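Sending over a structure as structure tokens; questions will come in a sec.
For reference, chains read A, B, C and D in written order, and residue numbers begin at 1 within each chain.
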Amino acid sequence: MHNTGDVKVPIGPQHPALKEPESFLLTLRGEKITAASVKIGYNHRGIEKACEGRTYIQDLYLIERICGICSHSHSTAFAQAVEEIAGIEIPARAKYIRTIVAELERVHSHLLWLGVAGHEIGFDTLLMYTWRDREVVMDILAQLTGNRVNYGMNTIGGVRRDIKAEQIPQVLKGVDTLEERTKYYIKIAGEEPTLINRLSKVGMLSYEDAIRMGAVGPTARASGVQRDVRKDDPYAAYADIDFKVITHNTCDVYGRTIVRVLELMESFKIIRQLLAKLPEGSISVRAPRKIPAGEAVSRYEAPRGEDLHYVRANGTDKPDRVKVRAPTLANVQAVALMLEDRYLADMPIVVAAIDPCFSCTDRLVSINDADHNSKNTFEWEKIHRDSIEWYKKRGIDFAKLNKTF
Amino acid sequence: MLMPIFNILIFPGLLFLFFFSMLAEYYDRKLGARLQNRVGPPWFQPLADFIKLLGKEDIIPEEADNRVFKLMPVFALTSVSCAFFYIPLWGKNALYSFNGDVVVVLYLLTVPILTYFLGGWYSRSVFSMIGAVRSLTQLFAYEVPLFMTILAAALLADTWSLSKMAAFYSAHPGYWVFNILGFVIAQITLLGKLEKVPFDIPEAETEIVAGSFTEYSGRLLALFRLSINIEMVVGTSLLAAVFMPWWLDAGPIAGFIIYVLKVAALISLVSLLRSLFARLRLDQMINLCWRVFAPLAFLQVIINLILKGALFK
Amino acid sequence: MSPEEAIKNDLERKFDFLNGNITIKRARRIFVDVPFERFHDVLDYMIKKMRCAMLSGITGLDEVENFAAIYHMSPEGKIMVNLKVKISREKPHIKSIMQYFPIAEMYERELEDLLGIHVDGLPEGRRYPLPDGWPKGEHPLRKDWKGAGLEMKLEGTDA
Amino acid sequence: MIWPGAMIRQLLSSLTKKPATVNYPADKSGMPKGFRGKLKFDASKCIGCKMCMKDCPTGAIVIRQVGEKKFEADLDLGKCIYCGQCVDSCLKKALGLTSEFELAQLDPKKLKITLTDGPSIAGNKEGSGE
């Protein structure tokens, strides 16, 4: 291996730049990437198959756990599809509450992304500040839904929790704080030269390529593609709400950053409108346990882009087929294109810029639950015992150590 | 006979340097954390990290060159510690000095980077080798402006000895003002030497895991980390000696306190600068050093040459 | 006439075998049953004449007597046209649509892996989403798949 | 010309502010009202319809009959995902949520608990550090 020749660098499945397992094989000439290939599929958990063996209610929580960050996106998309098959019209208040949680989720996801992007380019200060501010929206979500992640807000036929009148001022206060902070980050994104230099002209994806590669979400919108399911195919309460689809024309990572921070501002606007217009009434209607045969395609604009759920019912209480196309699967194929002819140093931020969520993407099959206690599985206790023995041989006794504390 | 041994091993030698560098790392980390609105580590954290690493297994990759792999951390540690003895810390005299020790100190401060390179290169892992090459590439970029600024200060003092420079600047109070431009450049390029953001390209975690140190573990890593800490102390001490020649006649105890304050101030600047920026890319870093810092450092040299002609006719 | 009906009429006029096979389920959702033989003609027409530039996914189905694939496509992102093609169970195969949509690669690999529908014209490459050591002939999304004996087959592989 | 270091004022002002870090576990003021934590069970209300068992996504809860119209609930905290669906499904409101969330155990056996009437008997009070 010589510096002048080609070096193959494996990035992943385990690598500090990656928050989830995926694998990139980069061919380097010096610092330049001459070829890149992507391998995904490490997070295959068998969710689509598992859905076929569970009831709709159980599936809702399973689907919610496809992704930790856009959990509400998946469960809403699934619930919408089931409601469409069953012919249920959910109450207006439920639609509004779903939308409020959806937008709060977008806020938390975009702030999280901004921090991760900072970390990927070595700007840890940005990470610390954005994640500190993200706690505000996490607290709001915890208050409204009862949990910080996996909100469990949706049920077939509506939502499970109401937003109480006394909670609204708290939410609005949090939104004000966040808006002020977001304005600050927009200012920083426009002023800090090290940030701008690391982001602009990096990970270019032209308008034509964005269309050709089927990019979705902020990745597509930063290439000037006006594509947003909230506007194109309004669901929940989006038809009643006034908001802009943010696009940018620089086609690079900087554009994706700007699109996301400006979308934050739109989200605040949407949340305020929704809370002001929140209709009175019930929050759910009774849904049958057995869903009549039929099929439906549900689309949802997750923070990362279009989330597509296809559900097919066969008249029982379990679905016949559930198909999830998460936004990252649409975007990840453009990554190899964006990486070519760039520097190795750009790899982390280019990958991060599509806001990848490989858990969403991979889902599916593992071995059946029935085989759970197979002989191959390591017993936790055995590992625990082995490790204690291992240390004992080297003269460290945890049993003694613990007593001293 | 006993005094030099005491000086080298205990004070202000290795033992002092060990604890002082631990304290410096703590200060840097704590301040960095506070700047980011975090709590930061407790005071004993660097020491605890060091002891923890000592207790860990040394894993040497099969393909690595065993001898080079093991020797490099020791080399790094020795060279930075040696440099410390030639720098006047409190008072005008270093422990050892001779005419030309500026060059030796600068050279000794370059050796660790070479050891990172060799250690990384002979680890034979992709990430280590990329990190190693990056270390060396970056070295050529920041070393020139850093050397020029320090040599510019030496030019004005008309000596190649750090101790005599200290004596000159305390004899001519106010002359340090001429070197302010050089100080700014030296402080920034020092970040390159210490491999800290925005110049932490050789160990950029999100790109190449830990660069040269990817394969290092246990005691060897502990030695490397110690030498990086000591390098921070020695580098800031050098800058303090060259660019902050104030109150050098204060006597041993007051002088010591002043010295610590100077180093603390310089480390504060390091922490602030590393929290302020995003990491640069290698090409951007090289461009910045050659297009901006090198010409400015050269300007400093010219200024000092003219001053020297004007002031000491 | 709504845009959905316009698409329906357009398709019915061009391909008379589609008469009665197009349903508008609700606003912006059109389901089309396309015969296996004419699938690429319809696809070609939709992409070239109706400007369907967006493929949102391919769903593979096991309908017990046959397999099926649904292509979720969309002109300008608003109306979703779902093309459903039935695939015989005896020799499950379908032609790749990668020449129209490069993005279809991953979706088609999913069809191959999870349902065992062979996609003709798919370039060689890594499998997705099942692990590399996954045994041949095990297609989890088939209704008759129960995962029996899978552990034995997985032994000695890195899956 | 724009100067590098746009965040400098923010950084320096942080020096005088309290750190944002929450001093957990000393400071536990985190959980809001309505948090979905460990389940509680009111045996007197339970009629043994087992709707909770039917709807539980992970099969974490098992209702056992222990006597004439008396029921106990076995809960596997390792399986429970704290979605609270059983509480919604319960026709007689026998199940409820508490804000207890520190439920980790070193011994997995301690995760299997039985909910009877009265105070919670979670194993997390004793022996959390083995």
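Keep in mind that, in the parts below, a residue touches a chain if its C-beta (ideal position, glycine included) is under 8 Å from a C-beta of that chain, and two chains touch if they have at least 3 such contacts.
All figures in this text were calculated on a predicted structure; none of them were measured in a lab.
Enquirer: So using the touch definition from the top, which pair is joined by more C-beta contacts, B-D or A-D?
Expert: If we tally the C-beta pairs in contact for B-D and A-D, the bigger total goes to A-D.
Enquirer: Could you tell me the distance, in whole angstrom, between the mean C-alpha positions of chain B and chain C?
Expert: 61
Enquirer: Taking each chain's centre as the mean of its CA atoms, how far is chain C from chain D in angstrom?
Expert: One centre to the other, that is 42 Å.
Enquirer: List the centre-to-centre spacing of chain B and chain D in whole Å, with centres computed as mean CA coordinates.
Expert: 51
Enquirer: Mind checking the centre-to-centre distance between chain A and chain D? Centres are C-alpha means, answer in whole Å.
Expert: 24
Enquirer: Where in chain B do residues touch at least two different other chains?
Expert: 35-38, 275-277
Enquirer: Which positions in chain A are in touch with at least two other chains?
Expert: As it turns out, chain A has residues touching two or more other chains at 125-126, 129, 132, 192, 194.
Enquirer: Which two-chain combinations qualify as touching?
Expert: A-B, A-C, A-D, B-D
Enquirer: Applying the document's contact rule, which stretches of chain A touch chain B when the two form their complex?
Expert: For this pair, the touching residues of chain A are 1, 3, 7-10, 15-17, 28, 31, 118-126, 128-129, 132, 192, 194-195, 197-198, 343-348.
Enquirer: Across the complex, what residues on chain A touch chain D?
Expert: Touching chain D from chain A are residues 54-55, 57-62, 64-65, 125-126, 129, 132, 135, 139, 142-143, 146-147, 150, 152, 155, 160-161, 184, 187-188, 191-194, 380-381, 384, 402, 405.
Enquirer: Would you mind writing out the residues of chain B in touch with chain D in their complex?
Expert: Interface residues on chain B, with respect to chain D: 33-40, 272, 275-277.
Enquirer: Under the definition above, what is the set of chain A residues touching chain C in their complex?
Expert: Counting only chain A, the residues touching chain C are 39-41, 44, 46, 48-49, 84, 211-214, 227, 229, 232-233, 295-297, 299, 306, 308, 310, 312, 321, 323, 325, 329-330, 332-333, 362-365, 367-368, 371, 374, 376.
Enquirer: Enumerate the contact residues on chain C facing chain A in the complex.
Expert: Residues in contact with chain A: 25-26, 28-29, 31, 53-57, 59-62, 70, 72, 76-78, 80, 82, 101-103, 105-107, 114, 126-131, 140-141, 146-147, 150-151.
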